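In the two complexes that follow, chain A is the common piece, with chain B as its partner first and chain C second.
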Partner chain A sequence: MKRIFNNNRLFSFLIPVISVILGLLAGAIIMLITGYNPLLAYQSIIHSIFFEPYYSGETIRAMIPLVLSGLAVAFAFRTGLFNIGVEGQLLVGWFTAVAVGIGFGDLPKAVLLPLAIIAAALAGAIWGFVPGFLKARFKVHEVITTIMMNYIALHVTNYLIRTYLYTQGERTPSVPESASLSSKFLMDLTQGSRLHWGFIVALIAAVIMWFILWKTTKGYELRSVGFNPNASKYAGMNVNRNVILSMAISGAFAGVAGAMEGLGTYQYMTINSTFIGIGFDGIAVALLGLNTSIGVIFGAALFAGLKIGSISMQSIAGVPTDLVQIIIALIIFFVASSYLIRWLLVRLKKGGK
Partner chain B sequence: MSYVIEMRNIRKEFPGIVANDDITLQVNKGEIHALLGENGAGKSTLMNVLFGLYQPEKGDIRVKGKKVNITDPNIANSLGIGMVHQHFMLIDKFTVTENIILGSEPTLGGKLDLKHAGKQVMKLSEQYGLDVKPNKKIEDISVGMQQRVEILKTLYRGADILIFDEPTAVLTPLEVKELTKIMKLLVKEGKSIILITHKLKEIMEICDRCTVIRRGKGIGTVEVKDTNPDQLASMMVGRQVNTKVNDEPYKPNGDVLIVDNLTVVDSRKVPVVDQLNLTVKGGEILGIAGVDGNGQTELIEAISGLRKVKKGSITLNQKEITNLSPRKITEKGVGHIPEDRHKHGLVLDFSVGENIVLQTYYQKPQATAGYLHYNNIYQKAKSLIKEYDVRTPDAYTPARALSGGNQQKAIIAREIDRSPDLLIAAQPTRGLDVGAIEFIHNKLIEERKQGKAVLLVSFELDEILNLSDRIAVIYEGRIIDIVTPSETNENELGLLMAGQKEKAAVQREENF
Partner chain C sequence: MDIMHILEIVIPTAILTATPLIFTALGGVFSERSGVVNIGLEGLMIIGAFIAAIMTTIFEGWGLGGASPWLAILVAAIASAVFSLLHALASITFRAEQVVSGVAINFLALGLSVFLVKLMFNGKGQTPYIKHRIDKTNIPFLHDIPVIGPLFFSHVTYTSYIAIIIAFIVWYIIYKTPFGLRLRSVGEHPAAADTLGINVSRMRYIGVMLSGAFAGIGGAVYLVTISSNFSGTTISGQGYLALAAMIFGKWNPIGAMGAALFFGLAQSLSITGEQVPLLKDIPDVYLLIAPYVLTILALTGFVGRADAPKASGIPYIKGKR
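Showing the complex of A and B:
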């Protein structure tokens, strides 16, 4: 019995790994069919992100919001909730961080920077609280409400920027140095990439999620409610309160993801005509990372590496960057059809015996 | 003489275990043949081999004297073997006829010929006394009726050997009686039946012969008329089973639970518990007998705080607990073994250890200030696993991987370990085998011996009669009578459960 159990854990670990390999293989086949050289393409990706400091820095930079939005999706999922609203929570977090940074620009950095990040987390938490409350109180499905909250976030932040913080270039002014995460040291180290101190925030967030879920009574409750709300209720847990709490914490992670863009990568917020997509990428990252902290970090690293590496893939191998989108989509497809992989693995094992 | 089904020396292995080891099953034409064994003994595996879902490693199968190779269920069907599954395979939104013909729809010029099919279903239904209405939707008929639709499905496909997989597990006592009648009629009409079960009483009542398997091995086949339940039980379990139960003298102390004039309404605002009064004393087991759906579930939910009380009060040890939260009530000393262990009793994806602290995870020594001490949790789990004989590889195994009996033992360990003043046990032995039932009954009696109050709800009259000190009969949300087990019998209880108090009184006069 123990062996089967261990095999199951091994299986679930193998599924994302095999999905990635299959996705890359399928991408290679598409390149061959369309007349590109897949070896050269992949080589250029790997070479740039591992050996060219600028691309390495940009990859880590791109990882930061992906890790945080992945954590947001994963956290809610552990409580059995599907938070599609990370995108919106991220946007309000982004705006709040920038607004606090500009509005309280006189405060010293040691106060202002944490304040801006915490404010962003709170804004995201409120944005997550609303669907959580609607679900707990009126049984409205969170997928519907979070999607709607995304649109509200998009247009409300645009309105707020246009009305209160507008400057030339369809954007807000830049945040003052005292609210900035950017670092000359990191930039010089990576030959001018936009890498900023946010990576430390992302790592801390990953540890926080792991700690809450696996070390605290609250986390135990959240996981219990996620697996079986009925039994949790019988055992005396307040299921509704846990649903709301889970959505709020999830939203807080998303809000911090926005703060990383606002205070780190860009230093400002633009008016967005449409969604930026990092929140939705978080769903894929969480799926690939099996909703664990460490998995989310690896998942974010992969997607960030592919995205950033695709730039040099285009310039060196001539393969359009869109192909990376196809590969990412394929990887997600293979993870989602994990049943197929499980079946293949069982088959292989039997054949080997 | 040749058997209608003969499975000889069947061996079926799965990675790591031998599910069937040298089992021989021989079924005569026109008999009801019981296949008896504990959960996990290999009954289902053997039947799945017969039905073509598994291929045996060794042994051969003969149907009506001819050697056959059943490689898939379609072959089994064409050989006249039909299976009545425990979990029905029916589509709720379809009518009875539509369900029966599903998979072999008769057509007339390319169009579905429902009229003809309906007539055929009607004819079969009459022939075997099934009394099924072909045009009703599945969602509108009772569970017992749905089972008959399953039976009709096999008959419609021309089966003359029917396998019943634990058919009475889902039925009320009355429906069981009707099913018994139907099975007898089926064999009279020349069908043969294999009945998979672990209920000894059923075998004694309706079967001709019985094959016992234990841990994958064939133990033997006996004529039912030459045997008795004790012998069957010891063949099945492999040791003497103690069927005598509650034998300590009845010495109740003070009232632990007082339910006073309780009214509880369901989602449609209809009172399902209606001005109900009930007292459970310390040191007694109070059994609640009743047909499913007469307010038992709602009564328990009200006591444990899961359902709002509309009127009346519930008192535990002289303190009012009406409409408190489930957690408060738990902390005040109520233990609850829920009716549905998968849905309400366990978080199946949690480890056994995590399940054992499901109500106490936030208390010391499991946690301090919101921080969990997993060492303490698993230490506690390990000692309870040992004490309650929960068979699991370790405390870290997910509860899902355990057998039903061991899952139930884990729940009982958790509930009794908190040493509650009132223990509510709802269907505590449903679907379990003899060994586990014996264990659980002993634990309930031990609680009684300790002076605790036990409220037992069960559809198994035997269980109620064997364990209870007093039996309260619930009917339409009220306790219509309280009787003493030594002064009543199944007939009287049956009448009371049907709400016939006057007739029950007459029955009683005649018996005593």
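Showing the complex of A and C:
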């Protein structure tokens, strides 16, 4: 029993793995109860995402914003902050990227594309800065303010689209070619999926997060504040400034996630009557990825695969796609209740001896 | 159009929109007062609305007629209370991060209810419309009172008055009964409460389950008075709005009710604004974001300081300082 607790690294790695297995098992049980064939369902998911180029392409495409929103949540987590506002930061980033793309459409691609992405990052950063500032200055819990900021983002972006960038179909016009991430090459390679160059941006972002957190003094400070704000303050760090910085950087990642949707997947932004959910999925991705860059990529791959694979699952095994939502929710429950898994593992170990 | 006429449009709509929020916000008060943060109110409302849609149709099939929606609300309350056990189990017994568990509740509720709807109705994403809803009526005698009558007692549903009365009852329970004192004590200082022989876990389970029941009623009331059928987008944000109302109301039942009514007014103005001459020129975005901006301002202390129960969000582990 002691050995398990001492070996914390292995332990924290086991928790997400076991959670995923338990989640998939629970999903299978639900399918059995409701009269579906779980084997056929899981088989159709795996077959489509690994052996059908279109679905493989779509899976990687779906991973792009999930990686970025996962990084956003993970980055804030590292400073002990819970950014539920990724959804809103993503929406303002999305809008800003599209607006810049359309507004400065005459600029050459080499200038416009980075400009649109950076503008989206800035917009997201501002949206993250507000809850960070309120936390630092007024001690307001960031969970509540970020939720409120989500709704403000939803209504404000809808209003801005309706007032300034409206075109038929409840959406903005498409961004010009010079601001687009889409690629004919990638599209042909994957038999017409919407895969775009954004996956490179997502990978770069993952490296940037790793670099900031583990290779810079500032990153050390941010993590230190996350571990113990009081000790950090005693050591002479400015806790408040780190809180604000962390939320702003987190928001920037989320803003870029929005830019990927706006410049890559869709090339425009629709008027959303409700949230798109990528920001909330980011929470699941970050948790599953243990708030590390590499873990976030794996987590995003899993959830993107489940989501895209669920389309084939519905057509082949007849299981409604919503089952995947249930599985993801259960995985979050299991990861969150890691105490339960620890307890179970210790029990198993005891029983084995 | 005179001012009276405008108010006759705006106020009844405001009360109608506020009703589900009042119920759900009261649920939030129970949970947070016991020390468990409940972001899952949205999901619990979804379960309530889903069960209400199904049960009303079933009760109608049994020939219960106009009583169907009322009975459905009760079943929805029980179902949501049971569903909230998941949140209680994760956040109290398994010491999960409560916000994460709440997020999972929201995911699960939406996935599960839409999954079941598709299962029951051959792949269709929405339930049939219920036949007997709780309709707007004029309250006998009271609606004849000049001025007040047309504003507060005409075109309203009985559920609204029940919500307001229950808000006062909840206030009484939380501030004037031994049960309420115990509930608040485990939310403020669980270790002290434990020393005095209060079962912290048990009180918190009760708090969370009450929040489930109330949020379930909130979702059910939304269904039988406003939407009449259930789909994945029926409840989109009302739970979070109720959470905001609870905070804006400073974790106090009466305050939460007041905030919910105020949010209802803002929503009602954004819906009916086009009929009102003065408001026509103001973009409705200001009214739509008003509840959220005001909640943030309330938290920063510009609109009176709001403080959460001290132990809210922290799992209680016996013997740990």
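The criterion applied here is as follows: the second predicted complex is superposed on the first by the 347 of 353 C-alpha atoms of A that agree within 3 Å, B and C clash if a C-alpha of one lies under 4 Å from a C-alpha of the other, contacts with A are read in each partner's own complex, and residues count from 1 in each chain.
The rule is simple: contacts are C-beta pairs under 8 Å (C-beta built on N, C-alpha and C of every residue); 3 or more make two chains touch, one makes a residue touch a chain.
What you see is a predicted model, and the numbers here were worked out from it, not measured in a lab.
In the superposed three-chain model, the partner touching more residues of chain A is C, compared with the other of chain B and chain C. By the touch criterion stated above, A:12 is placed in contact with neither chain B nor chain C. When both complexes are overlaid on chain A, the residue A:145 reaches chain C alone and has no touch with chain B. By the touch criterion defined above, A:167 reaches neither chain B nor chain C. By the touch criterion defined above, A:235 reaches chain B but does not reach chain C.
Looking at the shared chain after the overlay, A:218 reaches chain B, while chain C stays out of its contact range. By the touch criterion defined above, A:227 reaches chain B but does not reach chain C. Here chain C touches chain A in the complex through residues 37, 39, 86, 89-90, 94-97, 99-101, 103-108, 110-112, 114-115, 118-119, 123, 232-233, 236-237, 240-241, 243-244, 247, 283-285, 288-289, 291-293, 295-296, 299-301, 308, going by the rule given at the top. In the complex of the two chains, the chain A residues touching chain B come out as 1-5, 215-221, 223-224, 227-228, 230-238. Of all residues in chain B, those touching chain A in their complex are 16, 304, 306, 325-328, 330-331, 336, 338, 343-350, 354, 358-359, 361-362, 367, 370-372, 393-394, 397-398, 401. Per the touch definition, chain A reaches chain C in the complex via residues 34, 82, 84, 134, 137-138, 140-141, 143-145, 147-152, 155-156, 158-159, 163, 273-275, 280, 283-284, 287, 320, 322-326, 328-330, 332-333, 335-340.
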